[in-house]
Amino acid sequence: MSGNTYGKLFTVTTAGESHGPALVAIVDGCPPGLPLSEADLQIDLDRRKPGTSRHTTQRQEADEVEIVSGVFEGKTTGTPIGLLIRNTDQKSKDYSAIKDLFRPAHADYTYHHKYGTRDYRGGGRSSARETAMRVAAGAIAKKVLAGFGIQVRGYMSQLGPIEIPFKTWDSVEDNAFFCPDPAKVPELEAYMDQLRRDQDSVGAKITVVADGVMPGLGEPIFDRLDAELAHALMSINAVKGVEIGAGFASVAQRGTEHRDELTPDGFLSNNAGGILGGISSGQPIIAHLALKPTSSITTPGRSIDVAGQSQDVITKGRHDPCVGIRATPIAEAMMAIVLLDHLLRNRAQNADVQVSTPVLGQL
Amino acid sequence: MSGNTYGKLFTVTTAGESHGPALVAIVDGCPPGLPLSEADLQIDLDRRKPGTSRHTTQRQEADEVEIVSGVFEGKTTGTPIGLLIRNTDQKSKDYSAIKDLFRPAHADYTYHHKYGTRDYRGGGRSSARETAMRVAAGAIAKKVLAGFGIQVRGYMSQLGPIEIPFKTWDSVEDNAFFCPDPAKVPELEAYMDQLRRDQDSVGAKITVVADGVMPGLGEPIFDRLDAELAHALMSINAVKGVEIGAGFASVAQRGTEHRDELTPDGFLSNNAGGILGGISSGQPIIAHLALKPTSSITTPGRSIDVAGQSQDVITKGRHDPCVGIRATPIAEAMMAIVLLDHLLRNRAQNADVQVSTPVLGQL
Amino acid sequence: MSGNTYGKLFTVTTAGESHGPALVAIVDGCPPGLPLSEADLQIDLDRRKPGTSRHTTQRQEADEVEIVSGVFEGKTTGTPIGLLIRNTDQKSKDYSAIKDLFRPAHADYTYHHKYGTRDYRGGGRSSARETAMRVAAGAIAKKVLAGFGIQVRGYMSQLGPIEIPFKTWDSVEDNAFFCPDPAKVPELEAYMDQLRRDQDSVGAKITVVADGVMPGLGEPIFDRLDAELAHALMSINAVKGVEIGAGFASVAQRGTEHRDELTPDGFLSNNAGGILGGISSGQPIIAHLALKPTSSITTPGRSIDVAGQSQDVITKGRHDPCVGIRATPIAEAMMAIVLLDHLLRNRAQNADVQVSTPVLGQL
Amino acid sequence: MSGNTYGKLFTVTTAGESHGPALVAIVDGCPPGLPLSEADLQIDLDRRKPGTSRHTTQRQEADEVEIVSGVFEGKTTGTPIGLLIRNTDQKSKDYSAIKDLFRPAHADYTYHHKYGTRDYRGGGRSSARETAMRVAAGAIAKKVLAGFGIQVRGYMSQLGPIEIPFKTWDSVEDNAFFCPDPAKVPELEAYMDQLRRDQDSVGAKITVVADGVMPGLGEPIFDRLDAELAHALMSINAVKGVEIGAGFASVAQRGTEHRDELTPDGFLSNNAGGILGGISSGQPIIAHLALKPTSSITTPGRSIDVAGQSQDVITKGRHDPCVGIRATPIAEAMMAIVLLDHLLRNRAQNADVQVSTPVLGQL
């Protein structure tokens, strides 16, 4: 199928370039009868929106979404939901200078060799602007999941060298970084201010958590829930790594340490990140993702042009010095899409399953 | 589609339980005219096979594969290739004791809640035995890729706490660990011997590298090449994390450090792991995967039974103390399957693309 | 996957209701470098457009399509093509009276039972208005196919009881019926005029032909080219039957009559309709489709309401007395989409196939 | 996806050639807990099996199926069901003479041009032998459907020029033709005896009916239930046409005649064939399919060889003079597979839908 579609039953198909006329998405498979309006989508779109603090790009996009189908009299009808976001702040002139250049760490070189052509304005299809539609679609998924008692939330767990241990969800929405520890925020702000002075960028780590997931979501082999989460999260711009639960720390763990023992009161730990054998266990689902530093920086870099000649490149324009800062709602959206897709897949096959074994309490 | 199928054009569908009559696979989409025999598949099956050293399970499986379709007069015909491996060493009696128990860190609990039933013999479908068919299918993919000059190889890059920097491919096939540094092998052997005495298990990190990949493989958005690799590699039993290129090290990197600069002679580094914007750049494609410690250990652990009652669990049977040791050919297989699938997808859409820009030399 | 997506490599995903804000489509997998503008799509949209003669609905829809992505500097980029058509003539008031009624032969009853809700305005998603986007997407497919020398054309081969043997393509675009015999047009007009006076509707048969298709398109088993054409054509509103080549006439044929013999100069007949074993033979591909009479007629009919009570139904509004009249461009679009999808699939797997056997001349 | 896989949630993937070692199939998505054994599959395999009367090919195939996975302790586990049928009667010598010939109306010519190679023994993958696996998979689908009160049955409705109006299901299994009218059987036998003397073959029409289907199965647009049935039925070897309900008779019908009026006691007719707007209405689902005459006949025909030279062809071997005779269980199987797939798809999205409107009685 199309590389621009995600999901098997709850599917999200997107189109649109950074500086084209509009972004569109078609969200298919949503159960009928869900109350839904643009306002539901706008919440997460606004969380992702640039320009809300001095630490993100100053590009001004209203990111106002219009629902053009699939909702009637305020409720979903079960038919596909069409979404439209007009691009309003298309400063194409900023980009024409790099039309024949391959910016390091961008997709310029690879798009050129794949397609023989590319929309060079703002990265075209490779721009993170595309993720606005993921966030809008994810907001629909989140609302359906909420009806099943499932909540998907994310936070920044590392900014460059600064690790951010989780403290409280209460703090996450109160700062520009989705930082779960209010005491850490000043350190992050100082780090970002210095970064801008250095004309440089930095990576970040995001953690996404789903609470309330029932046991049984995921397929045993290729479509394991963790495999699909890895797919979905790695598909986000700039992501270079995905972990489930203990992740790479598992390498140095011993079996006696890693295995999450069970008691009648619940699991005693959650190294598994809520997934065993590719299937949800009822514990919180925990994923971490690594985002590389923004490629667009004003410090000159060596590169080549389409003729293969050496060129120095300075990426002007308005860019996030840390793309990870705005990645939290995107990661939440992708996890929500995966979970809803698997919830639907699971009830398709296993709606009649009855077990008397109790679901264990979450850790 | 089915959770037991991987790929869009080069597809691999598998079935089979650890202790059922047989494993089967159907490999579809293979180009016609490829010379192919069972011997081609047996090479990698033997690399994965248990019981070849004292460091892996002593289960004796011949793992002899039969090609039952899709090959005629020694060549592929373009029709689906049916593969069959009979299970010959099914000691089902070893497992009946745990029939009503949920072993910690196994899929027992999740399968039970998903399906209401499970084949408890040797883990059934959740057993790593299933990966034999991935390896067989991957061997076909490797042979097709070889015709395009692409080579996929893997090695162990960490065993428990012991990091193994890459030295040479020449060493990898000469020891039981797929260790790329012959000088490290004695340390690994000593570690494993102690581990068995401790009745414990440990995790591992595997690195897989594809050389010779042309630029242009991968799709821009959801089916980015890195996203599909993450999916495929995370779908391997026991994998808890996947990195592309610099992976989680990207988090603390600055943009000036991470970006791989280009010169007319080639890229100056490969933090990207050979993928930019989800599309191959022509550099080596590099992925790392974290495998958790084997869950089946003889040190007793706390658990519950299907009635929700507390039980102590000792997993008997013949198990690998480090599942990562045999994971290298599996990881190679999955990377090969993904690359071939995307090679076919790319030429479907872009067969006519002509660019004059030279492909840069690999780092 | 989504029921609103067609195709595996060249995919068309649509959304939109008859009286909602807009129709949207995402066309994915189009090869890059194709010159494309709205004008290319408008040609077929205008051929399908209602209100161009007294024999079709008088609903006035400009059906102006906007390309919102995937085209840059006048050429396709290989990224998904977003299409948008605003609904401008939404007379919702016409429909509120039937909000709780199930109109006979409409989808009202089945949507109600499936979704528990429905957009009753003009049939909502079940309206043939949805096919506008198929026509727009098909126009893209046609343009790509033209570059391979493939031409897809259709005509009306029967209107109610009036059979219309094929005479000439030259006539097809010169009348309101896509009638290939100018001498038949007055008879069709008289029939339609009487039909309106009778307050009734009638069925039609459409024939679609693809010339210039190379041998080798189609997959052997489930995705036979004829099976996919049957799927695509039967998915058009009101279609109740699909034939390939001799179709149902094959039932009474003998083998000596049906088999298309081959000579060095070509096939001697085309009962196969250009497809053997599910794969194109190089002969013209010929499909026929039966369309039922329009369900919306002003002659009262018996029905029930959502409470299960008996009701008389008269469907007011502006309706085509023969939905088949406007079906020709839709059928062409669906055949073009299928052919392009299979052309891409075929070259993915078989791009390297070389045979010395000549392609036979077309009949 | 693979052209050898059918279905989205209940998926059937097959492999195997007429004269290769074996046929295999992987049936995925079956709900767990279904009692299942080889005997369940053998019933329909025996109904399709050749050599049971003088009117079908005398090829002797035991067609004994082995379930190699997915069933444990007599019940399905929810994991994929692997099926294996060994080919036991492979008289390859019969076929070597036609190795370089293209038999008229066979897939020889098209496979040759598509793949550049083909397994010429008995038609290889293009042989109707492949349908054995469809029948086995369909038997699984039928058994699941039976649990929902759905029954799928077929009969021969025309043999060559002899139309066979439906009389009674009781007769269908009592004769070699699946003829629903015992009074017609002598006429059919006489016709077939003459046909063999004429060294010729003939077409047939098969009708398949599903009773007990609940309203709501099918998707509105491209995956309409009728479109998927057309796909599945047209994918059967030799099928040249598919009708739903009134089918091609709809062309000459008027709207007042075709529309199935509703009363509180049920629908008054079933021209729709049980499907409105692509979704099941609760009425019996009725499909007709046209099968062409067997291509393999002993009357010589003109053809060419791989060098493009003129050749006379006589197809020896053991062939059915009317492939339609054994097609009934195959058509039932494909309808059952489609219905189960859509039943699962429907409950994935719409499991929570509640309507108070009564389901109408079936006609």
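Each chain gets a letter, A, B, C and D, in the order it is written, and its residues are counted from 1.
The rule we apply is simple: a contact is a pair of C-beta atoms (placed from the backbone, for glycine too) under 8 Å apart; a residue touches a chain by one contact, two chains touch by 3 or more.
The structure displayed is predicted, hence computed values, not measured ones.
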Per Cα centroids, the chain farthest from subunit C: B
Chain pair showing more contacts of the two, A-B and A-C: A-B
Separation of mean Cα positions, subunit C and subunit A [Å, integer]: 38
Rounded Å distance, subunit B centre to subunit C centre (Cα mean): 45
Inter-centroid spacing, subunit B versus subunit A (mean Cα positions, whole Å): 26
Residue list for subunit D, restricted to those that touch at least two other chains: 1, 3-5, 8, 14, 29, 32-33, 78-79, 114-116, 125, 220, 345, 350, 353
Interface residues, subunit A side, partner subunit B - complex: 1, 3-6, 8, 12, 14, 102, 104-107, 109-116, 125-126, 130, 158, 160-161, 198, 200-205, 214-224, 226-235, 239-264, 268, 271-273, 275-282, 290-295, 297, 299, 301-304, 306-310, 324, 345-346, 350, 353-360
Residue ranges of subunit C in contact with subunit B within the complex: 1, 8-9, 29-33, 78-79, 220, 344-345, 347-353
Subunit C-facing residues of subunit A, complex: 1-5, 7-8, 11, 13-17, 20-24, 26, 28-29, 32-33, 66-70, 72, 75, 77-82, 84, 114-119, 121, 124-125
